[in-house]
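What follows is a pair of complexes built around chain A, which joins chain B in one and chain C in the other.
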Partner chain A sequence: MTGVTVKDVLGSLGLGILVILVAVSIFAPQIAPYDPHDTYKPMEHPSSEHLLGTNDVGNDILSEVIYGTRVSLFIAFTVSITAIVIGTALGLIAGYSGGVLGFLIMRIVDIFLTIPRLVLIIVIAAFMPRSIWTIIVVFIIFGWVMTARIVRSEVLTLRSQYYVESARMLGGSDLYILWRHILPNVIPLVVVQFIMEASHVIIAEAGLSFLGLGDPVARSWGTTFHYAFECPNIITSDVWMWWMLPPGLCIVATVLGFTFVGYALEERLNPKLKTVVGMGV
Partner chain B sequence: MHYISKLTYYLVIILIILSINFFLPRAMPGDPLAYVLGENPDMPTRMTEEEREMRLAEYGLDKPLLEQYLNYMVGLSRGDLGCSIYYNTPVMDEILVRLKWTLLLTGTSTVIYMLLGIFLGAESAWARGKKKDTGSLITILTVSSFPTFFLGTLLAIFFAANLDLFPLGGARIIGASYANPFEKALDILHHLVLPAATLIIAHIGGTYLLMRNSMLSVLGADYILSARAKGLSERYIMNRHAIKNALLPVVTMAALTVQFMIIGTIFVEKVFAYPGVGNLLYDSVLRRDYPLLQGIFLFIAISVVIANFIADMTYLWLDPRVRDE
Partner chain C sequence: MKKQKTVITLVFAALICSAACMAFSVTALAEEDNVAATDGDRIVRSVGGEVGTSDWRYPAPFTFYPRGPGYVRMSMLFDTLTWKDANGVVPALANGWRVSDDGKTWTFYLNKDARWHDGEQFTADDVKFTFDYMKDYEGEFTWFEAIDYVDNVEIVDDYTVIVSLNEPMASFLVDIAGNMPILPEHIWSSVSDPTKFTGDDAVIGTGPMKLVEYNSAEGFYHYEANYDYYNGKLIVDEFITMGVSNAAASLKNGDVDEATFWGSAVDAVNEFVDDDDFEIITGPSFWVLQIIFNCDADKGYPTNNVTFRRAIAYGIDREEIVEQKLHGGGVAANTGILHPDAIWYNPDCEGYAYNVAEANAILDSLGFTEKVDGIRQYPSGAERSGDLKFVLYTTGKYLREGELIQAQLEKIGIKIELTPSDWTTIDSYLRDAEFDMVISGHGGIANPQIMRIPDWPASTYQSEEYTSTFAEQEVTLDFDDRKELVNQLQEMVAEDLPVYTLYHPYIWCVYNPDVLDTWFYTRDGICIGIPIELNKLIFLARYGDANENGKINMQDVTVIERMIMELDEPTDMADANKDETINMLDVTCVELTILGRAPIRCE
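Right, the complex of A and B next:
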């Protein structure tokens, strides 16, 4: 086991989980036995025809969960990529240019960080039509904040480094310095931040959908769980085993995948952390 | 000086929250009147034109926006959060009735998860790299990946539905008459175990990781080395030198995590049908009871801001370096 640390093992495990889930969401139509909107006899127990039975309106649960992978991952990736790009851009501006614009951005960041995010998200989503786009928009509105803050403080440090100063003295334009010298050094932080945001969105979206704010047609794992939960006597019978457990475990697996990959990458991409965290595992 | 600028900052935040709450139903697609009446804004209204105008006047929605805003602020200053559509009672009353249960649940869970997180984090850091540390780290990372509602449902299935050790839900037996206060307390405690356990498990990860990291950096400090050189026992160094110094960031974070605790409570109260504010929020979403929903949002948001304010003040008071900057 020389050279292989716990971090490496966890990292590969996490990556493996994520690759499988992405594959399932891409090939959902090929893998799923039925269309998730087709109806059969409702509340069927698992059988060779319906491996995970059917729900209260007669949809095949296995197909719903497989297509749910698509919905959940689509939301997670769309939100985190957009939010990270916005956050990085604003963080670069705030850190590099300073001035009124930088001050303004940072005040907005402070305000966003003080207002309880998920409670406001619940209220806004309750006013908007139930659709995955509602969820994507409300999560992006709040998702960029942490990234902007982290990127800004990193840029502040980088800006006064000798190599940046010399690039400027040699006549490099602001845009050139940002692109060539600052951005590459910020990327590792941004990657870790992306993973954390994605795993956060998976859990938060599941929570929002559990509250009944998910898209009732394009059902994510959280929405499937919501309808199961709203069904009477579900946890006192055996039905939870095929209706609640599969979507629940899918959420856990995805979050674990992101957590493990993030944990393994954190140190490799951000050597500064080594002095503190590196003493451990 | 610090205190005054902090206070101003938090007052501005509260003003922003109040304004968001005011403009939300007015800025959203759909008729603000539909929100006040609890109708589905996607459905065509069955009201006649006169009826509509009468209703608008009744809720003051026909007045200019600025006047509406001022009326809203004046109402709030009197503690008036409007009327719930479903219950047809003042929103404030509905919240206050349920508040004690939420405070009991969050209070108990916060104390336990903080203490447990600090203890486990310190132990883990002390045994860094060993099996015990790796084991608890992986366990806690895994458990933290469970969404709160899923964790709660699993606990309800195993410990209530299958093993029948605890009640499935509620805060106490409905309509029960108790022989003495002790019996009543026992019943409430019995109902509290599973919801509190869910919140504790869901929140312990943050404190644990923070304490572990903080301990790891403290353990590298010179005064730990000199304590060791003096020949002090390992236990003594850990309890008297390391933990004390590692606690500061954990304590600072405690008040900042109030908002996560409140969000967790929404899910836990729903899963265990616990009669608190979180459950009320869930119901108000399902019933499209917008005045109630907005009232709860305001109540929670302002509580969280106040908690953050207290945290900031405590931090200033605890750490002279920040204060004198």
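Right, the complex of A and C next:
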């Protein structure tokens, strides 16, 4: 194991992107040249004062995109952490206890899996009050399902392992076994799941906001995109280059970052996917 | 599992991309819809709105969506007794008319050449039938509510009718005669559920256009010329209005020949200023954006206090909103509601120029003196406590204005919770007086009738003086007297501030003059005040020599002269009115004076 695989390179690249984005969102007030709610002359082209120009009400677009990182990442992390915790807990219960409870949980999972997710999210978002919390709740409702299913199947395998059986025979309580022996073994799967969920939420949130169903007051990248698209001359002039492209590129970069990290981690952490394909062995 | 996740992620990415690409694909879609132009046929394609918002329902008299664009699409097919052009009222199915001194008896002399699209002759029976039908099915024609004024309609002969009113109605010539589509008796006499009647027969009228195709999903309307039109020669063979996702791009690509732009779309309009292929006309939109306050005595604290409302008025910088949001594509509004370009406009209303010191002084005097983090607190013992905080409802469309107002009011210590919602929900809040403030807009502000309570959005406003003044102006025939009353109404609104007006946007029509160059803006709006440019008279040859110096010279002298000549002959009409010599010119002047229009050639 001396060589560096393509996956390692991509993984580091992805991690780098994510670290930068997290740093940007933490230090947004220091990095952004202006408060995104301050108004200047509207529809200015890029200049030394406004590197990405100003939008339809005169907010500095660069500052808006920088602050947008906060909103987008906040939603992504809040949703995926909560959804993963719920999904893992339910997966553990369903897999370990089995029986009626496990059966019920898995049937609920099946029902959720058959529902076309984005369509239902759009419908719900259209009827609920527009706020960042609506979006978070709606995404969590649909976000835990896959994790629960994956964790459960892993737990089913782990449950019949000899060391688990031994622990049980030695009188270890269910809670002890779950915590001490099973959870550590599903963590790698969960981490990958977390990353996939986060990148998915970034795209879905941008999509909702673009359709005008997001929280219009919290300006995520999708919201910036939405207002840009509403501008009547967005296509017929150059405005799209500094108004639509930057938030779009940010979305792409974030999703790539998450995907690369997930790609690299998945093989590292999931023993079943470990292959011998690599640049150097 | 990984594969599945990737697939799902890809699907989402694809969804977003497809939404973003809609602009481009719809262009292609529109091309498919276009009817190939054959030599010599003049086909005019107009933008009817954005994709998904260009459907105004089936253009039959009882099924169109009761907003301006819906009415206009119906009006292509159905003519009214009178109509309007850029200078005011013109004849349509009625060649001429006269009114008794008490303003209660109107005699209409009908056009003898008019035919229905199916070839049947139009007669006075159809007119009487329509009035009766509208009364029988009152409320089904949701577009107007004034049919109560009509007492009865008497047929004098095949081409003369006398309409008797219960009370004089100052705006009768526009609000009823120029508004009510005349229906063919031979079709509608057997229709008992007009709102469900949508077949081919439902769109047979006397108008300049016939309906070829209507597609609800695409908001697509395709009309063809009615070459037998009684009111003049047509220069357009087909007319299409449809939804496009970006009007400016569609115009530049040549997918459409005309589009309308509002307010902040001035940025798009500016791109056509130097383009020789297009011409632009500017109009007043007769539209106002306003903040509606809850004035309800029980539920409206503290906005039910007029002094408090004035503080908010002083604390809002309307010029900043016009500059930041509209980019100069409008003007700060008249606080009396009616548009500065309307004949009824009262320029002397209190304007509440932006004045933070004044706003603060008023709020202090009302007891909102204590501040926490810069936000004022309700005085102790008040109906509410804590931060002086309001929910400001609006639709997604006016959120930007909401954001600006939020920032401005924070400077005088008022916190605004900006809450986007949809119209149905907001309307129910307005109805139940369960709101603090709402940003909302409406058109029709060239016509004082828009100020009728409770139709007018200020449904929580109650003032006996206002209501009685409104009722009085409705029946006042003398223009100067009525103007004085309407002035008073505007002053009351400016004084009491049930709503605080923000701005009037401008409206532009950008068109390709090679295809059609007769576009104009109607005096005080089409019909009862629809500000858009889709007046069916643009299809007529006699409006074709227009557009010089950006101003439309539509003075249609020939038609008026023709009318006068006809009336000077001993005709049926003269027989019906033996005692008087009819002088159409004078009659028109009287009517126009009642309406407050500049008379057409009165000397």
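Quick notes on this structure:
Note that in this section the second predicted complex is superposed on the first by the 272 of 281 C-alpha atoms of A that agree within 3 Å, B and C clash if a C-alpha of one lies under 4 Å from a C-alpha of the other, contacts with A are read in each partner's own complex, and residues count from 1 in each chain.
Note that a residue touches a chain if its C-beta (ideal position, glycine included) is under 8 Å from a C-beta of that chain, and two chains touch if they have at least 3 such contacts.
Nothing here was measured: the structure is a model prediction, and the numbers come from that model.
When the two complexes are overlaid on their common chain A, residue A:T39 makes contact with chain C while staying clear of chain B.
Of the two partner chains, chain B and chain C are each touched by A:L211.
Looking at the shared chain after the overlay, A:L183 reaches neither chain B nor chain C.
Once chain A of one complex is fitted onto chain A of the other, the partner contacts of A:V6 are limited to chain B, with no touch recorded for chain C. In the superposed model, A:V57 makes contact with chain C only, not with chain B. In the superposed model, A:P232 makes contact with chain C only, not with chain B. Of the two partner chains, chain C is the only one that A:H200 touches; chain B does not reach it. In the superposition on chain A, contact of A:V137 is made with neither chain B nor chain C. By the touch criterion stated above, A:L120 is placed in contact with chain B alone, chain C being left untouched. When both complexes are aligned on chain A by C-alpha atoms, chain A residues 117-118, 129, 199, 203, 206-207, 210-212, 229, 235-236, 255, 259 touch chain B in the first and chain C in the second. Every residue of chain C that touches chain A in the complex is listed here, in rising order: 1-2, 5, 8-9, 11-13, 15-16, 19-20, 23, 246-249, 252, 261, 264-265, 267-268, 270-271, 320, 323-325, 327, 396, 399-400, 403-404, 407, 418-421. Note for the complex: chain A touches chain B at residues 6, 10, 110-111, 114-120, 122-124, 126-129, 199, 203, 206-207, 210-213, 222, 225, 229, 235-236, 240, 244, 248, 251-252, 255-256, 259-260, 263, 276-277, 279-281.
Of all the residues in chain A, the ones that touch chain C in their complex are 37, 39, 42-43, 56-58, 117-118, 129-130, 146, 150, 192, 196, 199-200, 203-204, 206-207, 210-212, 216-217, 227, 229, 231-237, 255, 259, 266, 273. Interface of chain B with chain A (complex): residues 9-10, 12-13, 16-17, 20, 24-25, 28-30, 35, 42, 125, 128-129, 133-134, 137-138, 141-142, 144-150, 153-154, 156-157, 161, 168, 212-213, 216-217, 219-220, 259, 262-263, 266-267, 270-271, 281-282, 285-286, 288, 290, 293-294, 297, 300-301, 304-305, 308.
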